[in-house]
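Have a look at these structures, which come just after this line.
Heads up, the next two complexes both have chain A, just with different partners, chain B and then chain C.
On to the complex of A and B.
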């Protein structure tokens, strides 16, 4: 239906990620330390370091390195990991599904927590119920992700033994089970953001005249809440959710590290510590594409929810 | 004599505000006969819309409603939620002033009619679709089938009001509450909508309570008029007798402030002052500070609404001193 719009938006991603690449390419090379020393250790001689750099192509000028990188990229080649010696694209292909699964899981948990609680807080606004819900999430939002992760891990994982303290599981239900705590960690953070916005937009929508009209039509309060109130209140929230998926993937870096999950977040951490330039670049590019796609999907959902929105 | 469709007794509405409780409707009583069109007139803030909304208990806490609104042998102000849902939209429907804000922007017109049909008529799917198209057709919307899939913002102002009327009529109500249904429309569309309401009332034999500040609209559509001032009914009468011989000084002032049309043109005589602040009402007649007939008796206590002639009620001490007007109905716009 909006095919031309979608194609146009997809084409817009290209300049975005070229810009992202340039920034990352330069940033990575401005970091202290170099890959050869990271690979070879402290006792390598200057000669060996120099030879390794030459083998990796890191002795050439920055523009040449960038040119090589872009040329390879256009051929679908993200280069090889310096430390693992395997193609970056394969590495990402192996790890990305885990992270996407975790992110989607977290988003689902976050929305499942946020929507009912936001409705409850809005309906019982300015009562102790509302105050409690808002206070809990306010605290949740102020706590760092790694702290929440460690607390959940030690309580539900180590002490009560309800959930595994790490790993990814074998099949779909295994994934659901193993990733519950990390997804909950990320989901809580997301829910905290969503509850605030959604509660306020529900309260705003509740004063709209079409809600009175719906009541005057004799509809059940559940129908009014879902069909009339939530559908309108969710419009703003969907955009917020889309914007936060990016942050969620960023959060995955920490969460995957704490929970020892073999996703791209942990890959990123390892790559940064190992100065594995090709991996860092490949991952950043992947993140940029994912975030761009998420924004596109968000806009399409927004247009579905709000018939007044024009896709331009 | 047939029994009234709706009996309102001692209706009070209190709205808490940061500056104190606003007693917006103060002891309103009236009856509505089946098929009757009653105009509820008054200035902004006189309590007419607040009264209308309380008839189906549309106000939400902390707004308080007391008194009785008797419909079908039941007091709607005390009825259970389930019973109230049955009456609302099912037997008593309501239309609002601004269809753009009263229609849900994210649901198609067809969906918004459909939910009424499902709730009150048990119609679903294809049957509901067909009935919805019939209703749009009934309210004069061209190519109704195609327009069911349109959203409110794709309709023009007049069409939106027709669509809202179609939604309200979906359940074939006994009574239609209309809150300034034509105020937001331009004059030609206003006229069309009023004619539509009158035709539907004939065809469906439903009662209508029409809230308006426009006496021209009243003259054109109503059988009987109730004039509100300061949260009270100050006069009720048949539309002809009210226009010819008002029995309340405020009604007289309202009629004198109407512009005549054509050869009846004359200078306007506005009522001096502004509507009263309901939080600081004077002890006597609320209109006393603006009234040219005012005496000490008016300021002493609030006069009750009494039957001053057959079928005519007034809360004015000086009702028999007021001059008769001879405006024809044509003069006020009918």
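On to the complex of A and C.
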């Protein structure tokens, strides 16, 4: 049942992609300012702009351009970056692992921070501990990502010298070390969202009848907490985490800039400002795939955690 | 010779030697330099951006080189050059024993092939700088350029990045069906004859340039340059992060320091905050046409109004507010570092009384509404324009600021769909002709799309492009600058330097007025 469900969901992604591609294809072309303007800048003569547009195939009609794009896509070719003049697929291949690593790292740190604190806040609900945890994360949530990033860099990087100031590192441990501060920046933001939801879910579960029953059976608090309360409370958290992956990648755009990380977030910003159509299209396709897959995985985990959920 | 005199001589000799030692550059080491963005495409002919141009000459050498002060040219791969035949022939003599970074010989045939490629009208955006060349002949170490007409700009053009000499055999052996495809392949691992050669490039992250062991130029110690073993460019887009990394000792240099941080870094004893003189001029371009694109009447078509706005702008205050005192008054449309800049030009010193009388002499005594295009997210643009809003309200002008992203702003500008816009310019060539064709000559891009047109300037410019007599050419440029000033097609603001923060250990690094970063003579002292 699960296998057929997964295949069906994967097949459903295809029309989603086509719709996303058409919308992005049209949207980037509706933006004022063309690639020639962006690449050549203020100095280009009309003749050079015309020649550049011709070389890029942008002098053709939109349906023809879309047809060429889809044909290339079916052959696994996303085209060449207009400004960098290298294949988009190679560019994404070089940059995507960095962003995925950062996002996963941030999600892990976010969950590691959120779960124990949410449990503590729920168990000590309406005490000063609860109020402090909620207040700290509320403040964290309202601070802009770039501000948190710069403060962490200044304090833990420049002043104390515990972490490098930016960069990506050379190997796995190097990545863990270099990406700690940016992952913490993103993780703090995520934890702020998770703590609130998880705390409320735990409180809800703690007051449920089956928990009272478990207590009446004489089960120890730790067993009740891990087997009954946390498991049920995590259902909402997993859903929320899945939904926030998009936001996490969005946050990576700013974090990657501040921490000088060569990921796809920064690439997307540069591509939009540079009107690098093939890169924008390639990245949007990639993001659509990632978000669809994350939603699918979230649903599968949800079903695993909650036997009542049906995969239909 | 008595003993006393001898001892004086020996003291002088010891002093001279120790001074010599104190100034001798240390060899070896890697200099890590923080750049705000990565290079895009390392082909001298087909590139489009300063991100490439400003580092290209470290990889590819040219026949002649710009001087560090930006005022002239000096020998490069060619040890000498001479004009003959009434200026219609330029003969260059190549140095002996020249080699590319892979050890292969650099020959006159490579020179001919490279210049032919660079002057191909179908190739790139820069071919017009070599348009006067009719044919190229080579014989031994001699390269003869036969010209269509005398061209005083040619030595400077041969010292410009697009005229770099490339290895014909390696380039043509690169995979690809045509020149553009071969250029893409070659530019991934370029081989040139500059002081460095690309050894590693992780796009968007870092680039490593290794010492070219075959570079021809010698250092102060008589051995071949460069002093450094390598230069590593780290790409750090955020200004604050770049500065933090420099302060933490992770970088030995950082470019594009925000002018607001210059004073603070000057006070840091570990850092040498340098403001390299540049060719950067900051102005506001005005649409000079009688009607705007939407058909409405344009007050900026009146020279009185344009002059009034110039006089009503308090440049000293703007230099303090926007450039934190690092800028200087713009007196001509070209920077004071540009050859043939006329030192007698006055620009428009702040004079509110004069501005008011000029407005009174125009049709717009009661003022008017004016819209200026700014680059969104540019703190400098906002600081400048909000200050101008106040300054120009004194002459009845109500300034509205419209913020657009750079590509949209360029598209509107190219369509002449603007009334005013902020603008900055740096020269690519050590000659005033480039900025003049853009700012003052209509036929290129309608005088930076202002629509300004002067038959007198067009005539003087055409003459200057063939004038080999330096004094006469200077006089032509003096006239062009004066006519332009009187017409005031733009609002003259200020010149700004290139702000680079270096570790105190760095010696001999230069950013020349054109913007090129010169690492050949850079060293890291202990």
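Annotations
As a convention for this text, the second predicted complex is superposed on the first by the 311 of 312 C-alpha atoms of A that agree within 3 Å, B and C clash if a C-alpha of one lies under 4 Å from a C-alpha of the other, contacts with A are read in each partner's own complex, and residues count from 1 in each chain.
Definition applied: contacts are C-beta pairs under 8 Å (C-beta built on N, C-alpha and C of every residue); 3 or more make two chains touch, one makes a residue touch a chain.
Model, not experiment: these values are computed from the prediction.
Partners chain B and chain C, brought together by superposition on chain A, fit side by side with no clash. Contacts of A:53 after superposition on the shared chain: neither chain B nor chain C is touched.
Vectors from the Cα centre of chain A to those of chain B and chain C enclose 160° in the overlay, to the nearest 10. Contacts of A:228 after superposition: chain B is touched, whereas chain C is not reached. By the touch criterion defined above, A:257 lies against chain C but remains apart from chain B after alignment on the C-alpha atoms of chain A. Of the two partner chains placed by superposition, only chain B is touched by A:214; chain C is not.
Of the two partner chains, chain B is the only one that A:306 touches; chain C does not reach it. Once the two complexes are overlaid on the shared chain, A:77 sits clear of chain B and of chain C alike. With both complexes placed on chain A, chain A has more residues touched by C than by the other of chain B and chain C. For the pair chain B and chain C, the least inter-chain C-alpha distance in the overlaid model is 47 Å. The contact sets of chain A with chain B and with chain C never meet. Contacts from chain A toward chain B in the complex involve residues 208-210, 212-220, 223, 227-228, 231-232, 235, 305-308.
Considering their complex, residues 31-34, 37-46, 48-49, 51, 55, 83-86, 91, 94-95, 150, 153-154, 157-158, 161, 164-168, 257-260, 262, 266-267, 270, 273-275 of chain A touch chain C.
Taken in their complex, chain C has these residues touching chain A: 37, 40-41, 48-49, 122, 125, 180, 184, 187-188, 202-205, 234-238, 240-241, 244-245, 247-248, 250, 404-414, 423, 438, 444-445, 448. Interface of chain B with chain A (complex): residues 53, 56, 58, 84-90, 93-94, 96, 98, 101-108, 115-116, 119-120, 151, 153, 164, 167-168, 171, 177.
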